[in-house]
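Note that subunit A is present in both complexes that follow, paired respectively with subunit B and with subunit C.
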Partner chain A sequence: MSAATTAPRPGSGTTRWAPYLFISPFFVLFTLFMLVPIGAGVYLSLTDWAGLGSPEYIGSGNYTRLFQDPSFGASLGNTAIYTVFALAVVLPASLLIAQALNARGLKLRDLFRLTYFMPVVLSPIIIALVFGLIFDGEYGLLNAVLEALFGFGGVSWLTDPFWARVVVVVLVLWRWTGYLTIFFLAGMQSIPGELYEAAEVDGAGPARRFFAITLPQLKPVTAFIAVTMLVNTAQIFEEPFLLTQGGPGESTLSVSMFIYRAAFQRQELGYAAAAGVVMFIIVFALGRLSSSALGVGRTR
Partner chain B sequence: MNLDRRQLLRLGGAAGLGAALTACTSAGDGPAIASGPVDLKLWTHDPGYADYFTAAPADPALVGGSAWTYTVDVTSIAPADIVSRLVNQAVANRPLPNLAGLVIDQYPRVMRADIAQSLFVDLTDLTEPLGDRLLKTQPYTVDGKVYAIESDNSVSVMFYRADLFAELGIPEDIATWEELLEIGADVAAATGRAIGMVADGDNGSIVNGFTQMLLQRGGNLYDEDGGLAVLSDESIEVLRLMAEGVRTGALLSIADPYGGAAAAALKGSKLIATVMPNWYKVYGLEANAPDQSGLWRARTIPAFAGGGHIASTMGGTAFAVLKDQAETDAAVDFLQRTYLTSEGQLARYGAGAYLPTLVDLYDTPEFQDITDPYLGDQRIFEVYGAGAKDMPDFYQAAGASLLRDSLGGPLLRAINGRADPEEALREGLRAYERQAPA
Partner chain C sequence: MTATAIRTEAGAPTPSPERRRRRPRPARAGLYATLFLLAAVYLAPLVWALSSSFKNRSEIFSFPPRLWPDPATVDNYTRLLSGQPFWNWMLMSTGVALVSTVAVVFLCSLAGYGFAKYEFRGKRLLFDVMFSSLAIPFAVIVVPLFILVAKLGLAHPLFALIVPWVAPAFGIFMMRQYTEQSIPDEILDAARIDGCSEFRIFWTVVLPLLRPALGALAVWSFLGAYNNLLWPLVIVSEPEYYTVPLGLQALFGAEGRQYDLVLAGSILAAIPAIAVFILLRKQLVSGLTAGAVKS
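Here is the complex of A and B:
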């Protein structure tokens, strides 16, 4: 039997379907795990459903209720605070730390890297426990230190609405700065050394080199980190959930926590789905806008 | 083999249908097991219940004479996940357990949309004959029917440091809260010690602490029919008292009554008394201050001058039987034997110090003779018994979680003296009404 007789003829059934078969896994998985859940979520958001029995179609009732719900407004406001803080403080802080770690002749560089990266690998439960001990109003370490140094230490860190928000953003800062530092550091180490040498020859000082070389060269990395951080912080859940349970009152409640609460504490799955759809739209829009503004994925 | 598009679609469709049918096959269907060996599946969060239920089938005092011979297979699941997984499994037509332990603050989730009626066996036929003997059926009652049976009476009493009370000249038999707080204010001013605590952390802890005192005063969050009852003279009075206690330092504000701060307050003898349920002795006092064994005592709670009870209740876990399964009848029999008989209640206390829910048992010698070394060998059932006989009813409704989140912030402001108690309650109720589904 010759090879010519066993090879499928062009246009036969096998060759016609082969390309579709090869690309089908992506489409099957994308449909099953992305499109179907999104479609189901959108449908559920138009129903009243407690999880059991048939969902009852109520049209836009959940959305109307959602936009009149003060808790949802509070959760949107809190999430906005966390997101703005993450972009305005965490991002620059991680860039500066990366710059410091990238300095020539720095001793114990690996120890610093490990230290900054540690919060990311620690269990959130442990983090919440330790932060609870540090920021406890009555027996917390921070109040004890403040008392010893300045003579006042009665700050209700976790039980005052303002300070509770501050503690959550401090936790975000502590937890994510080191992680982002690693990205910036990797970006810095890929900047060609000749650029700095040339700038030095031209008489550029450290600040000039940072703004004229480091920052422009890091633009793709910065854009990627900014978009990732934006999208992640808009869905923040663990930090407020473990530290304050969204309290006191609803002062640290995030949108993700609002959804969790509606679904798994109140058994209002249709309502939770509506909040999920709104969050999806907001996050998607913010992600697209920021990607577009920062040129993520655009070739230089 | 050459496949055209139609054949490919047929093949895919047949494979998908096969997989879907296989996935939809539910275990547990089939004819009821009327006698003989039966393997019961149980979900609970508490290792104490797991130990009790797995040991029970070997105890002839509990299962002797039953038509079934039991084995119990326990799956440990977090409290909130038990309800979620029960609902998920039921929707997906996947295997359900035969018995499920439902923590009291999760139970309102199944009070919505007929979930309890759809999933659980109506146990009213077991509880009704016991009448007033059986305590704490109200929180698990939906439309007049009981769908779960409480494991632990969770009667709240006052635990106090007898040595420090004597040292500071605090009488052990103070009659009222008002007197206690007056003395507590003097003690706080002189020594920095507190005679009680209030939670000021998450909404659950804040509202639970308030509810415990409210029940004692004779108020409630909901009435018997599930209507809101939280705005009452009793609620305002309780909030005023809590605020006054915090202001004077008699009551210590602690974010988490079970966390590190509470442990530090106990170990440092800053907190020298606290009103908490019986289980707090094990999980709060003994766990955090084992070195203070013998120094603590328990008594009923000082009454409010305006009336109410000498005890309260907080927390609990009830067991429900899943309906329409081959093992359902056996599970009901097993639950009755282990939970609603004198032998079962005594065995349960022995296994995990779970207090009886049959109120007359507190007076029997088996319980009356029990002494507690941590409480200075006190005959503890003299206290628990007095408390159980005057324990207030506690009602829940489907919106309990929403109510908790709506009240948490305003209650905290009132407790900290930053809001008028009545206005705080009204604010919480306004938030509740704005968010409650129509």
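Here is the complex of A and C:
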């Protein structure tokens, strides 16, 4: 019984049941409000239902329709863009900022860190509102600045399909970079200093030290952040919903918005559930694959 | 020049004094300039919203935009507070956020302790299930959950906004990591020898030692609940149960986009969030990252 010294001995009355009791609230809520809905969602996805009467079974009809629906295709494509951007740009950007904040003897570190965390504190409404004001095609701050600096200020940021996507992506960058920086910085501060000193003695340059020590040592943090970001961005809703309403056309529509619209604006509950099932399969598979590949959340 | 500048950058956080090498002045200045610029980028929207909330409607859209309101007016605030049940929204938001936070802090630390300090059959599997649930996107369950909650007659906003979310997997994971790292087994064994019940050990011995992480969890939970939009949007239809984001979203989404009122409301709504954040900022950073740094 190797665990006997570190954990209560199994079989001693209440001790045996205590851990199950302690973790049970999660599993009760998880079953009621996640597992059951997922099961219900799978069933609903095979039906046609507008919320009244009983659902009508239509087999794989919703799925066939889904894969021919250009809106769903567009939302998948946009969500993929947001997710790839989050992993390929936001993540490295926050790593760089963390590296800068970790500079020796930096003053005001806490103040900087506090400021960069601001987007998490503010409501998405105020963020979207201000971004809307900044990027407004007619009265926006950005166009005014461009006008003053370069004499042209006619970019229709929010009404041009390409630029609207860029603005959503900029919003994602602004909103998440500071949050991730906190995690990277904490990771960097937990790297033992001797590692760097030894490398310096061996004549390793700064770039070498970054790639040979910092990056490998940050692997657990990076893995955790990557998986969290993947799952978060895959379900992006607020940024496009508040800033562009998915438009112009469907150029910024995300999968979450697609589901929201189908279910709560058009009352196509079965159809929305089918989109949810497809999203679940993609995100859950990617999330599990990447977290087991990167070794996130091992029990010990 | 630049080579020596970057040399020191990758350095250890606490080098011995004689080894400490300051980077040359121009590079330092560049570093500070970048960090300040970034801080400006992060503060600008808040400053802009603050300033615009004191502008009248036509000035919000004046072109070119002005930073200082001229004339400055509190008209937006008075019209918001007299024309909209803003304080009701605030009461709903803060009430829901506070109640959720108390429940989240209790249930997550209890479950995190269960996973960190006990060996039991099925632990690995249960932990994996809990951790995997982090990868379930909310949009997937929102439709069936909405139907279930409505069908079960649980759609009362106060129930639906709070109960399903009081044991988030992220919080449990965070508390497990923190408990594992900071609670020595010996004090638990000592308490057991003294005849404490398992729950009493948690309540009187473990919980006080978890204080920093509890602070982080509380801020994380409070901000999440306070700023949540999608679920309230789906589940709350009666205006008397609107939270602040819902009320503002209704003004914002309404015909004519009432920028002036929404700006004033956003600023008022940001005050409790910023206060909570500033009060508990130290714990937030250390506690939030405890789970991620060591896996």
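Assume the second predicted complex is superposed on the first by the 266 of 300 C-alpha atoms of A that agree within 3 Å, B and C clash if a C-alpha of one lies under 4 Å from a C-alpha of the other, contacts with A are read in each partner's own complex, and residues count from 1 in each chain.
To be clear about the criterion, a contact is a pair of C-beta atoms (placed from the backbone, for glycine too) under 8 Å apart; a residue touches a chain by one contact, two chains touch by 3 or more.
Only a predicted model underlies this, so the values are computations on that prediction, with no experimental measurement involved.
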Check: subunit B versus subunit C on the shared subunit A, clash or fit?
Finding: clash
Note to self: Tell me which touches more residues of subunit A here: subunit C or subunit B.
What the structure shows: C
Next item on the list: Go through the superposed model and pick first if A:Ile126 touches only subunit B, second if only subunit C, both, or neither.
Entry: second
Next item on the list: Considering only touches as defined above, state whether A:Phe224 meets subunit B (first), subunit C (second), both or neither.
Entry: second
Margin query: If we overlay the two complexes on their shared chain A, which of subunit B and subunit C does A:Gly247 touch? Say first, second, both or neither.
Written below: first
Notebook entry, point to check: Which partner does A:Gly105 contact after superposing on A: first (subunit B), second (subunit C), both, neither?
Noted result: second
Check: In the superposed arrangement, which partner chain does A:Pro70 touch: subunit B (first), subunit C (second), both, or neither?
Finding: first
Next item on the list: Figure out whether A:Phe264 sits in contact with subunit B (first) or subunit C (second), or with both, or with neither.
Entry: both
Margin query: Looking at A:Phe183, would you say it contacts subunit B, subunit C, both, or neither? Reply first, second, both or neither.
Written below: second
Margin query: Identify the residues of subunit A that lie in both the subunit B contact region and the subunit C contact region.
Written below: 14, 51, 129, 133, 136, 138-140, 264
Next item on the list: Quick one: which bits of subunit A touch subunit C in the complex? Just the residue numbers, please.
Entry: 3, 5-8, 10, 14-16, 18-23, 25-27, 29-30, 32-34, 36-38, 40-41, 44, 51, 97, 99-106, 108, 110-127, 129-131, 133-134, 136, 138-141, 144, 147-148, 174, 178, 182-183, 186-197, 205-207, 209-210, 213-214, 220-221, 223-225, 227-228, 231, 234-235, 237-238, 242, 255-256, 259-260, 263-264, 269, 272-273, 276-277, 279-280, 283-284, 287-288, 291, 295-299
Item checked: Complex interface listing, subunit A residues touching subunit B -> 12-14, 17, 48-53, 65, 68-71, 129, 132-133, 136-140, 156, 158-159, 161, 244-251, 261, 264-268, 271
Next item on the list: Quick one: which bits of subunit B touch subunit A in the complex? Just the residue numbers, please.
Entry: 2-5, 8, 80, 83-84, 87-88, 90-91, 109-110, 112-115, 118-119, 200-204, 206, 252-256, 259-261, 264-265, 398-399, 401-402, 405, 408-410, 412, 431, 434-435, 437-438
Item checked: subunit A-facing residues of subunit C, complex -> 3, 6-15, 19-23, 31, 34-35, 38-39, 41-43, 45-46, 48-49, 52, 60-65, 107, 110-111, 113-115, 117-121, 123-124, 126-148, 163-164, 166-167, 169, 172-173, 185, 192, 197-199, 202, 223, 226-227, 229-230, 234, 244-245, 248-249, 252, 259, 262-263, 266-267, 269-270, 273-274, 277-278, 281, 284-286, 288-289, 291-295
